[in-house]
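Here the chain labels run A, B and C in written order, and each chain numbers its own residues starting at 1.
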Amino acid sequence: MFHGEYVTRHTRGFSDVHDLTNDIQAIVERAGVGEGSVTVFAVGSTASITTLEFEPALVRDLAEALEQLWPRTMRSHHSQTWGDDNGFSHLRASILGPSVVVPVHGGEIVLGTWQQIVLVDHDNRPRERRIFVQVAGDAQTPGAV
Amino acid sequence: MFHGEYVTRHTRGFSDVHDLTNDIQAIVERAGVGEGSVTVFAVGSTASITTLEFEPALVRDLAEALEQLWPRTMRSHHSQTWGDDNGFSHLRASILGPSVVVPVHGGEIVLGTWQQIVLVDHDNRPRERRIFVQVAGDAQTPGAV
Amino acid sequence: MFHGEYVTRHTRGFSDVHDLTNDIQAIVERAGVGEGSVTVFAVGSTASITTLEFEPALVRDLAEALEQLWPRTMRSHHSQTWGDDNGFSHLRASILGPSVVVPVHGGEIVLGTWQQIVLVDHDNRPRERRIFVQVAGDAQTPGAV
């Protein structure tokens, strides 16, 4: 069975990181799934989903590492053509990727102790970002493993 | 229920980008799925799937950004060992990743307005590339959200 | 139907690559699935899953390419704050991503001839790494394609 919901976040851009873990666990519980998986997908071409130890120093490291590879001041054909100055945002988003799939086991998302599911918004302006969360699984039963 | 099909594309390599969105939406419709997800997987170790605003300037930016990080002229143990000169292709493919999973909601793939599902073929020669598209979901019903 | 199992690997860190393909094919067979998909997820915030042609020269190329981008000696806020010196491991893991989803077709995982599913452990020390493998699919039937 399948159960989908949107989550939204107000974002500041420039690889702004938001922890989605609690929202996703709550959606898995509303879905009533025991064994399955959850797809977390950032709607739009300038944001990514990944996992990260969500702590402030590492959040800063990630933004700085992306700034070093594809800086906000970089020249791009996209920005020159369309004048929206966010070519760097698109590159960061496409290379990190728009989605992650996380297993669900015994009614819980399977994550490490210091592993969170995060949205990274790379755009060059504040946005209200939508994330679609799709749960697939069996109705809740004791885990088979 | 599950429904899988191959899609093929003639590619030129060197991070050649192809829009797969219409093919994937058509497969979702043939599957008759309302709520679910679709896995798009590039068969082979020198191609990737991601999402991108599919417009010519950004397509050029992506290829140039990858060329800057892992240029076609780079020395690699793989190329030196096997003589096929595509070590850079493998690195680009493995770091971007071979697949993306996109939610399906109300019979439609969930995407932003300027977000397309793309194949990026990194090999160093023309190929006929195969992509496997696997749809999972409920039979079509009005969306639950 | 869904079937999940853990796989474990003793890893050395610094983007140590392990081939998981045979373990995953065996789990798909135990699940008895014909058409579906398999989610392979690295538990923890310093490891990744991707596909790669698993041969020694390319394994070395991947580790060297990551070392060049985010070297083990790099300064990071994470390492300075927590003293665990593995900021580079977290960056490599989050940018490559923790999971991959591979289609299953006719009871077999869909892969290219030289394409394997690999764990890449980026941590800065040996670990016993756990990977969760979740199979989703129909009970075995002749492939629909």
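Convention: a residue touches a chain if its C-beta (ideal position, glycine included) is under 8 Å from a C-beta of that chain, and two chains touch if they have at least 3 such contacts.
Because the structure is a prediction, the values reported are computed rather than measured.
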item	value
Chain C and chain A - chains in contact with each	B
Magnitude of the superposing rotation for chain B and chain C (Cα, nearest 5°)	120
Interface sides of chain A and chain B: same vs different residues, half threshold	different
CA centroid of chain A to CA centroid of chain B, Å	19
Per-residue overlap in chain C, given as positions that touch at least 2 other chains	69, 95, 97, 101, 136
Footprint of chain C on chain B - complex, ascending	1-6, 39, 41, 43-45, 69-70, 76-78, 80-82, 87, 90-91, 93-95, 97-99, 101, 132-134, 136
Chain A contact footprint on chain B (complex, rising order)	35-37, 50-53, 55-58, 60-62, 65, 69, 95-97, 100-105, 110-112, 114-115, 136-138, 143-145
